[in-house]
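Heads up, the next two complexes both have chain A, just with different partners, chain B and then chain C.
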Partner chain A sequence: MLSNYIKIAWKVLLRNPFYTFITLFGISFTLLILLVLSAFLDHMFGSHYPEQQRFRTLYIPSITLRDSSRTSTMKGPMSYKFLKKNLSALGGIEAYGISSLFRTTNAYVGSKRIKMMVKYADSGFWRVTDFELLEGKLFNESDIDRGQHIAVITEKVRDEYFGPGESVVGKPIEFNGLKYRIVGMVKGSPVTHPYTYADIVLPYNSPKSEYESDSKNGAYIGIIRARSARDFPSIQREFEHLTQRGLKFPFEESGMKVAHLEAKALPFLTGFIYEFFQSESTEIFFTVVSLFMLLFMALPAINLINLNISRIIERSSEISIRKAFGAPSKTILWQFVIENVFVTSLGALIALVFAQIILSIFNSSGLIPYAVLSVNYTVFGIGLLLALVFGLMSGVVPAWRMSKLKPAEALKGA
Partner chain B sequence: MIRHFFKLIWNKKRSNALLIVEILVAFLVLFGVMSLMAYNYQNYSRPLGFKYEQVWCLNIGWNQDTAQIGEKLKSIYQRIRSYPEVEIASRTNGNTPFANNQSNRNVKYNKVTIQGDIFSTDEQYAKALGIEIAEGRWYTRADKGAKHTPAVINQIAKEKMFGKDNPLGKIIQLEGDERWKIVGIVENFKQRGDYQPNAPVFFNLSDWDMSSVLVKVKPGVDANFEAKLMREIGNMQPDWVFELSYLKTLRKSMNQQTSIPSLIFSIVCGFFLLNVALGLFGVLTLNIAKRRSEIGLRRALGAPAPAITIHFVGEMLVIATLGVLIGLILAVQFPLLNVFDLEASVYLVGMLLATLTIYVLVTLCALYPSIQAARIQPATALHEE
Partner chain C sequence: MIKLSGIEKVYRTSSIETLALDNINVDIQKGEFVSIMGPSGCGKSTLLNIMGLLDEPSKGEVTINERQLKGYKDKELARIRNQEIGFIFQSFHLINDLSVLDNVEIPLLYRPGSGSKRRELAKEALEKVGLSNRMKHFPTQLSGGQKQRVAIARAIVGRPSLILADEPTGNLDSNMGNEILNILLQLNQEGSTIIMVTHDENMAKRTNRLIRLFDGRQVF
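And now, the complex of A and B:
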């Protein structure tokens, strides 16, 4: 029976290629956009290289300082010492890392100018991230303590500074008027991951790193890797408690009398929302995104409904003949359900194939170096479900209404 | 005849309602995208107000250093000026052209307070960026030590604060009880790139420790000089941080922050429209197939073929008008409630373009099936009955 229905659906599709095209185009194009868009969101906020463990990672992106009347506010990354003091006292975590945000610098090879992003980090930075080591090693505590000028670079720097395929360990690289010895090379992080993005990582005690600053503000952010996401609440509470420890309010900081200090350890998405909207609620973000997507789907959905309702007339004679030969309404209903599921799935399949093609073109285009976008199957599932709902509503309801008619009337109408 | 169309459409309101909703949603999407385009175009069409081609931007950070910053910065600046490759160099605060940094302050004159972009610079700024002075003059060295800090404003700041009055020589007041005297007016200054909306701008002569230097180099100067420059000033202050970028590159990436999202929006919107157009085309073809007998009857009673075409196109246009009207009622709320603080003209252009697009689209989609309808032979159509 099933194969019979699918056969009929296939014949209906072939009978009028133009309508088939419109229907499939509507379904697959809408799903395609949804897939590409969600792949971008997933890339931004999901757990991907080199932050594969983001789901059990907390970030401390900024410190907020306010005066007693809360009229002036200072907000930004923190100093190395502030983070070190609080993070080293934190118990019950797997690891913590402190790193500066990236900073632009230029290196010169002959008359060629190479733009590079520099980051200063402690050895914990390598433990809270999962960089893939391609050559040499990552610097550890004792390397840092020796106080030599060493650097970890990415392939991108190697390709531009030394040339592709060259071995780099032990070689010097010169920028900012200083020479650094390369100890290791890693696969780089995409620019869309601001906390790990850099072309060159230097130990925090390298020159110009500002690590000795005694103020609260600075250039550093903190990353905490928990044993599991279940530990988040207790870690967050303890960290907040630690930041308030031993502070005597009000204190002076860059000419401001600070009466409130706030530094929070937050999961990535919460932190992102907090930085932009000063709110910790992720619900708003998801509401906005899903409302936008629903609105976006409304137009193709109405289009599909319109077309399906108009097209049911083509099938009226078929329905009435089946009824006249004794088919109950239920059987006819099932036929149309299966037919619609079949057409929608076909559209979804096309969307999936095109999404894979577009994303792989994007990944290899180098528009965002190191960005690897992939189809999110949860979103694909939701999109498919919505497409099915609309397809069933628009295709099955009119068919069902028609199947309720008396065969004689239906045949007369046809 | 139009009344007749309305009667026909009202009689089939249930199936037409969906078409109206579809056109309404399409109109709203178009209105949004077209308004965005109009807004971007309006901003883009205003001149940038300065030249960036040969200009490099050097940002200086002095980290923990606190001793005699001013003196050290001055000697670095002197050094930069001394190179023969450098045509002119100007010191400015960190909100250099096309940088993401901004500096906003409230500025007051009489009872009018507006917020403006503040650019604290030296006297060479206008020359380094090729800013043209519309009225008055740019401040000079001789203005140093004057009772009031000399300032230059742009046209929109003048309009907002002084209306039709001549602002030259007037004293404006800033937060913290600073007083500036206006000595000149420039047309435009779009620090945030070509797509920046027209905003009030205030330049003032500053002696503060300015962290950036705009370096205008002579034509033909390349990275060899850049490397030399960076090495030598780097050696002057080994613990400081120096970042050099080209305004040309910065402009491109600044503009992309607006142009790339707009491009994506319009591509998606284009596919939407294609989708809607195909859908309308399909629905109309089916509707006409359903009304073959009606067409046959009209033809048999002597209606000429063009009348049939006009009839179906007209019906579609009436449906489109109903959708667009509801859309316009919603769209007009944006300028009325001043939702995004944009000029009303942006929305008007958006509405106009969206309406036009909808009508063109609907007419094109309706034309072919309607011409097909007109070809129906009355005899065959009536025979089918």
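And now, the complex of A and C:
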């Protein structure tokens, strides 16, 4: 019986290619957009190279300083010293790292200018991230203490500065009028991961790093790797407590009398939302994304409902024949359920194939270097489920009404 | 075999009430070949639909094989239609998207049995109506007479005891019509009870008995 239903479903699809195209296009295009969009969101906010442990990582991207009336606010990255003082006192964590945000610099090979992003970091930076070491080593505390001019570069710098496939460890690289000895090479981080993105990572005590500033404001951010996400609340409380320790309000900072200081350690997504909405609730984000996705799915769903209704009315003859020859109403209903599942699954399969193709083209295009976008199968599952629900609702309701008709009435119209 | 007692059928709309059948009493024995005749709109097809459980009477009782069917649920009526009744329609009512063989298989889909058994029975039915060479064709590739033979094969594939034919030759020329009637006569001789709605006196004469209707009433 199942093969008979699928055969019919297939024939119905072939009977009117334009209808079929619209139906399948509606389902597959919607799912495709959802998959590609969610792949981007997942890439932006999920745990991916070199931040595979984001789920147990807290970020301290900024400090907010306010005056007593809260009319003036200063917000931005922190000084190395401020972060060092507070993070080093933090207990119960696996590791912490301090690094600057990336800055642009230029290096020259002959007359060729190479634009590079430079980051200053402590040795903890390598412990709170998961960079893949391709050659040499990552600098450690003793390397930093020795105050050497050393650098860890990415493949991109290797390829542009030295040439693809060249060995780089021990070789010098010159920029900003200074020479650095390369100690290691790592696979780079995509630009979409701003806290780890850089082409060259230098020790925090390298020249021009501004690590000695006594201000609260600066150029650095902190990363904390917890043993488990369960530890987040206690770490966050302790960190906030530490940031207030020993402060005598008001104090002077860049010409402002600071009466309130706020620095929060937040999970990546929460931190992102906090920057925009001043709220730590991720519910807003998920509500906005879910609403957008639902709205996006609503249009093709309505279209699908219309198409299904006309398709089923068109098939009243078949329904009545089946009823005349002994198909109970429930069996007729099942037939349409199976057909809808078949058509929706076909649309979903097309969407999945195209999403894989688009993402693999994107990944290999180098549009965002080092970005590896992949299909999120949870989103695919939810999208498929929603498509099935819409498909079933749109197909089954008119089919149910048709199946309830007396066969004689249905045959009259056939 | 089938007994109708005091059958009345009223069609109602918001403003009009039409009495399509009025006090019909019919008793058809097993193995009979009965014709129903009457002018257009006299209620022949309505009567046949009630006999075939495709429609419900407004009043009266239908008894098939000693079972009085008042109050039977959709599922039970569907099972009786499936196992005990075969239909042949004037406009064939074949599913154009399915092959001849798949069309003939339809009644067997709604009863237990393997796919191979279904195929075997459908092939046998097609052989019986002389269409075994058209099994893989689609209805749109067949002539009217061939389509009606497919419809007959579909009606007999489940070996029902009762065959209801609603003007089976109405859309066919006289040669084709005779061919179809001969097949029905053959089936009757093999034991099937057949009730046929027709406009053709000559065809009706070849059956065992004639029921005449006029304005929804039985005339003798």
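Assume the second predicted complex is superposed on the first by the 414 of 414 C-alpha atoms of A that agree within 3 Å, B and C clash if a C-alpha of one lies under 4 Å from a C-alpha of the other, contacts with A are read in each partner's own complex, and residues count from 1 in each chain.
The rule is simple: a contact is a pair of C-beta atoms (placed from the backbone, for glycine too) under 8 Å apart; a residue touches a chain by one contact, two chains touch by 3 or more.
What you see is a predicted model; the values in this text were computed from it and never measured.
Engineer: Now for A:F21: first (chain B), second (chain C), both, or neither, which partner does it touch?
Structural biologist: first
Engineer: Based on the superposed arrangement, let me know which partner A:I302 touches: chain B (first), chain C (second), both, or neither?
Structural biologist: first
Engineer: In the superposed arrangement, does A:I33 touch chain B (first), chain C (second), both or neither?
Structural biologist: So A:I33 only meets chain B here.
Engineer: First (chain B), second (chain C), both or neither: which does A:V353 touch?
Structural biologist: Neither partner.
Engineer: Tell me which of chain B and chain C touches more residues of chain A.
Structural biologist: More residues of chain A are touched by B.
Engineer: Scan A:T105 for contacts with chain B and chain C and give back first, second, both or neither.
Structural biologist: A:T105 sits against chain B, while chain C stays out of touch.
Engineer: Counting only touches as set out at the top, which of chain B and chain C does A:L385 meet: first, second, both, neither?
Structural biologist: In the superposed model, A:L385 contacts neither chain B nor chain C.
Engineer: Is A:E318 contacted by the first partner chain B, the second partner chain C, both or neither?
Structural biologist: second
Engineer: Which partner chains sit in contact with A:V289 here, chain B, chain C, both or neither? Use first/second/both/neither.
Structural biologist: Once the two structures are laid over each other on A, A:V289 reaches no partner at all.
Engineer: Residues of chain A that sit at the chain B interface in one complex and at the chain C interface in the other, please.
Structural biologist: Looking at chain A, the two contact sets are disjoint.
Engineer: Tell me, which parts of chain B touch chain A in their complex?
Structural biologist: Its residues touching chain A are 15, 18-19, 21-22, 25-26, 29, 63-64, 222-224, 226-227, 230-231, 234-235, 238-245, 268, 271-272, 274-276, 278-279, 281-283, 286-287, 289-290.
Engineer: Within the complex, which stretch of chain A touches chain B?
Structural biologist: 18-19, 21-22, 25-26, 29, 33, 103-106, 108, 110-113, 176-178, 207-208, 210, 212-213, 298-300, 302-307, 309-311, 313-314
Engineer: Quick one: which bits of chain C touch chain A in the complex? Just the residue numbers, please.
Structural biologist: Residues 46, 49, 52, 54-56, 74-75, 78-79, 81-83, 87, 89, 91, 93-95, 97-98, 102, 105-107, 109-111, 115, 154, 158 of chain C touch chain A in their complex.
Engineer: Show me the residue ranges of chain A that touch chain C in the complex, using the header's touch definition.
Structural biologist: Against chain C, chain A makes touches at 1, 3-4, 7-8, 11-12, 15, 317-318, 320-331, 406-409, 411, 414.
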